[in-house]
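Questions regarding the structure given below will be posed in turn.
When the chains are written out, they are named A, B, C and D in that same order, and each has its own residue count from 1.
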C-alpha cells in the first residue's frame, strides 16, 4: 500500500518514516512539506541520506490522492481539519496525528485550541485511535484521530481501573512528565539546550489542550462526565512520557488484584505490559518502541492508588500508534512493522 | 568559629566545604572521613586542589571536641545517633544532615529506617532545622536535625496553606522529583550514567523514609495527625528537587489570595521566593543556591490546588540549610555566606 | 541458524539480542551469564519482558555446542581466549566481541592487556572482523575477532587515505570521544551519573588498549609499521563515538578529491556514508544504527587533513558489526537484520 | 566603583551580574539591553528576582558615562567597536567581551569576522586581556579586549611550552570541545534540546574566528608567525571547554619537566592549576569558577605532547576573566570577587 506523509520535517514525520521504511506492506510514496518543499529529505535530516532518498514535495491534493491509499497528517494544529476532508472525498484514508479530530465537541475544541473546530460531520465519524481500546472501530474507519502523547500514556494507565469502577473519578490527579521532543522541532527558549539541560520545569498547570481529550475518553468509559487535575512537566531528556496517576479507591483493592485485572484487560494487546508487584517502569525501558509499560501501587497505608504509565512520546505517543492504527485499519497484524525491542541503554 | 565536618567525602560534605570556604565567620578546622582518612581532600575531589588544602582525618572524638565549637554530620544513616551525643557532652554543638534526629517518635524511626532510633532524650531536645519555620528554636539549640531534601521543598510549599486551614489534609498528594545527586556518591546501577541518562524513573512509591518526616511537621502545624501520599522520581539531572503538591481546598481561595498569604508568611525570609500569578519555578532557577522558589495555581475549573516548590537538593535541601542553621544558632545574619545568585544557565 | 550469546548481561549482549530478535535467519538459542544464571533475562533487563523471554543459563560448553552453530562472546577481556577454542573444536563458529583475538602479536597483547595472549594458532587464524575491509576473509572464517569501538570508527575514517598514500603516517593524531556506555554496565565513580553528567573527561592518553589494534591495521594497509597518537575522552551521552583524525598530507589533495576517493572505496558498502563537502556528521545521526558516517576537511590554509568519523559504539562499534560479520560468514546479504534508519532525535 | 553592563540579556551579562553581585568593590549601576529595555531583569531571568532588582535600560551614552567608571560590553560582534570609543572619550574604561578589539590586524578581522574592523587607533591601544599573561598591560589599560573562550583555554595551555621553545609550532593541533552555552542564548536548531542532547557535533573545522586570535598570541610569544590547526565540537553539556592540544617536541622533554615548568610559569597566578603527572582535568572540576586546570602528557612512545586545558567557558572564558581584568585594571587583588570553589558535582 502506498502512503503519504504530510508535514514531513517534524519529529512525527521522521518517526513515521523510520517505521514505514521497514514496514513489509506499506511504502512511502510521498513526503509533503510546505516549508521545505523542493529539498531532499536528507538535507533536512542527514541521518536519512543513503537510506530513504526522497524529495520533499509541495502538496497538490488531487494529484496526491491518485498516488496513495492513505495519508498521515503530522501537521501543526488547524491544518488537517481542512485538508483531511479533501482526501476523504477522494476515498483516501486519513490518520491524523494532530489534535484536529480528537474532540467530539466543537465547543471544547474552540475553547482549548483557540480556533474553530473541524466540520462536525467529520468530528462525528472520526475514530479516536487509542488502538488498544478502539480496535474494532479503527478497523472500519476512514478517518482516525491519533491520540495525543499524554492522553495515550494516561488513558492506558487509567481505563481498566475506571471500567472496574474502582476509583473515585473526581479524585484523579495526573502528574505528567515529558521529554523535550514533545515540543517539536521548532526552536524556542524553553527548548534551548542551555536552558533545558539540567533543568526541570512545570508548565501549563490545568491548561494543557490534552485535558479535554483525557476527560472525553474517561467520561465515555465511566458513562458520565469526568474532570481531572492534569499537570505537565518538561524533563531534561529527548524522549519519554511518564504519567504518575493518583486516585482514591471506591473500595479496597490490592495491588495484586489490580495487576491481575490490568493483565487481563490487555491480554490480547502486544504493546501494553503490566509490571509485577513491586516493580515500576522507567521511560528508558520503552525507548524507541511502541510499548506502554504500567506499574501499579495500591497503598494500604493511605488507601490511595498510584499508577505509573510510560511510553515513548514519539512512538506509542504519536507515530508508532499511527502505524498500529494503519495496521488495524488494513486488517494486518497489529504489530506489523512495530515489533522491535526498545533500545537500551 | 572553628568547625568540623564528619563524613568528608560525600556530596553533603563537599557542599559544606564550598560554602564554609567563603563564610566570613566560620572556618573549617577538620574534615573527617573514615573511609579515606590519610588522603588529602584534593585526592578525592580534584576541584579543591589549591583552594582548600586539607587532609582527611580519622575521627578521635575527644581530640576533635577540643579543636572545634561545632560539628556538621554529613554521614550515612545510623552514624550520628551515637556520635552526636558524645560531642554534645563535650559542649560541641551539632548539626546533623542525616535523618537520625529528625523524627520525634522512636517507633517511626525504627519502622521507616529499619534500625533502632537514637536515645529519646536527644530526639526530644533536637530541633528540627527547617530554618524558616523554627528560627527561634534553632537559635537556642545544641543539636539541630537538618531536614531532608524532599521534606524541605515539600514543607515550605505546604505549611502556609496548612496553617491557613485552606486545604483538606487527607487529600494531599506530593509528586516529588529529584536529580540523581540525591542518591549520594556511592555507585549503583540506578545511578550508573548509561542507565540514568535519558531516563525517568519512579521509585519507592509510598515507602520513602522522608514520609514520616513530612507527616510529623504537617501534623504539628495542623494540630492533628496528617497522612500524605508521597511519590519519588529520579530525573536525569545532577541537582534539583521539585515537589508538585496537590490538595483539595476546604474553601474557595484564589491564586492571588494564596500568593499574597504565602508572600506574607515568608516576608522576613530571604531564601523563599513566591512567584507571581501565572509564573512557575524551574529547578535551574535555584541551581547552586539556597533559594526555595514556589509557584501556586488554584484551579478554578477543578477546585484543586497545585503548588510547585523547587530547591537545589544539595544546598537548601542539605548543606545550605545547614549553614543557615549555623547562622541562626550563632545569631549571625541568616544569609551570611549564602547570599549568592543561582548559577544560570 | 541457532546462536548463543555468552556474557548475557552486558551492553554488548543486550544489543545483540535486539538485532537478533528481528533477524530473519538467526535465532537466539541460549543466553549465557555466569554472574546471573538462573534468572530470567527480564529480571536483569525489564525492557525485554514479554518480548524476549529467555532464562540466563550457566555455561556448559559441550552441551551448548550441540545446540548452536555459532557463539557470540560479549565477555570481559581474557575470557574468550580460553573458551572460544573449546567451541571451535566442536565446529561451532565464534564471533568474539572482546579484544582477545584482535592482536596478531602475543607480545602486544601481553603489553597492552597485561595478561597472557591466546594460543598463537588461534591468533593467526582469527580474522579481524572490520567488515568493510575483510569481507572475504570473514566469509571463510571460523573465528572472527570483532573490532573495538574506537578502532572501527578510526580505521574506517583513515584506511582509504592510507591506501592512497596521501598522508604522512607518523603525523596521525586521533582525538577520540566516546559516550559512557563504552565503559560497560559495571558501575564506577567515572560512570556515576552525578560525576559524569555535565562533564567532559580525558582519560588514558596514549595508553588505551585500542592503540595497538589501530596501529596493526594501519600498518597492514601501509605495508610498514605505523605509530599513532591516540587520546580518549568521555562525553556526557550514552552512545556514540567520534574520532577526529588529523594528519599531514604527503601531497596536495582537495576535499573534493578525497570525498570522491572515499565514496569509491566504500561504493559497495551499505553502512559507510561519506558526507558532502562542507557537511560534518554528528553522533546522533547514526544513533542505534550500524552506520559509520564520515566527513572530510582538507584545509587549504594549513595543508592539514581533518577527518570526522562517527559510529554508535554499541552497534557498528560492537554488536551491529558482529551481526554484519555473521551475515558475511553465512553468505547472507551483509545488511540482513541491520537495515534500519538511525533513531532521530 | 560603579559599572554598567551593556548587552544585559545574554549569558555573558548574567554571569557578570552573578560575580558583581558579590564583588566587594564594584557595584552594578546599570544594565543595558537594547532588545528588552523597559523590562525588569527578573522578567528575563527569573532566578534573579528578589536578589538583583534592576530594570533593563536603553543605552544613552552620555548619560551613562556620567553614572559609571567602567563599562562591560557583553554584546554581539560589531557593536562595541563603535560604542566603546564613545565611552573612552568620556574617560570611561571599557572591558569588551566581544571579539571587536582582540585582533591587532584589521585585515584579519575583516577576513574572519566578515565586517570592517574597529578604528585602528583603538585596536592598537586595546590590551588583550589574557589576565595571566598581560597582567601589567591590563593594569594600565583603558580598553581591554577580553579573550575568547577557546583562546583562553588554548593559550593558557600552550604558551609556557611555546615560550620554552619546546614544541614545533607548525605541528600544533587543537581539538577543542565546548558546552552549548558558548553559542549564547539565541535559539537555533543546533542548540535545540532534542537535536543536541545525546549528540556530539563537529563544526567549523579550520574556520572558527578564534583561530586568528590564537595565532596572533602564539606568534607574539614565539617571535614569528604561527599557524595552527583548530577544530571545534559541541558537547551535550551547558558549560565547559576542553582544549586537547597536540604538538611535536623540538627536543626530548619529560612530563615531569613540563609540569615543573608550567607550575613555575603560573606560580603567581591563583587561577591556573597544573595537575600532577598522571592526572587529567575534567570540565566539571572548574564548573562555575574562574579556574583553568591543565594536564600534561609527554608521550615517550610517540614523542608527542598532549596538553588538556579546561575552563568554564562562561567564567574564565568570558565573565570571570572580565572581572579579573577589572581587578587588575583597578589594582585590586586579582582574585577579588572570584575566589570561589567550583561547584561539584
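Couple of notes before you dig in:
Methods note: contacts are C-beta pairs under 8 Å (C-beta built on N, C-alpha and C of every residue); 3 or more make two chains touch, one makes a residue touch a chain.
Quick caveat, the model's predicted, so the values are computed rather than measured.
In terms of the stated touch criterion, the partners common to subunit B and subunit D are A, C, listed by label. The chain pair with more C-beta contacts between its two chains, of C-D and A-C, is C-D.
A centroid comparison over C-alpha atoms places A as the chain most distant from subunit D. One finds 39 Å separating the Cα centroids of subunit C and subunit D. Chain geometry summary: the mean Cα position of subunit A and that of subunit D are 46 Å apart. Note: centroid distance subunit A to subunit C, computed from Cα atoms, is 36 Å. Multi-chain contact residues of subunit A (touching two or more other chains) are listed as 11, 179, 181, 185, 194-195, 197-198, 236-239, 281-282, 284, 287, 345. For subunit D in complex with subunit A, the residues that touch the partner chain are 11, 179-181, 185, 187-189, 191-198, 236-238.
Here subunit B touches subunit D in the complex through residues 11, 14, 17-18, 21-22, 45-52, 181, 185, 197-198, 238-239, 270, 273, 275, 279, 281-282, 284-289, 291, 293, 339-345, going by the rule given at the top.
Interface residues of subunit D, counted against subunit C in their complex, comprise 171, 173, 175, 177, 179, 194-195, 197-203, 205-206, 227-229, 231, 233, 235-240, 242, 244, 246, 280-284, 287, 295, 297, 299, 301-302, 304, 306, 308, 310, 345.
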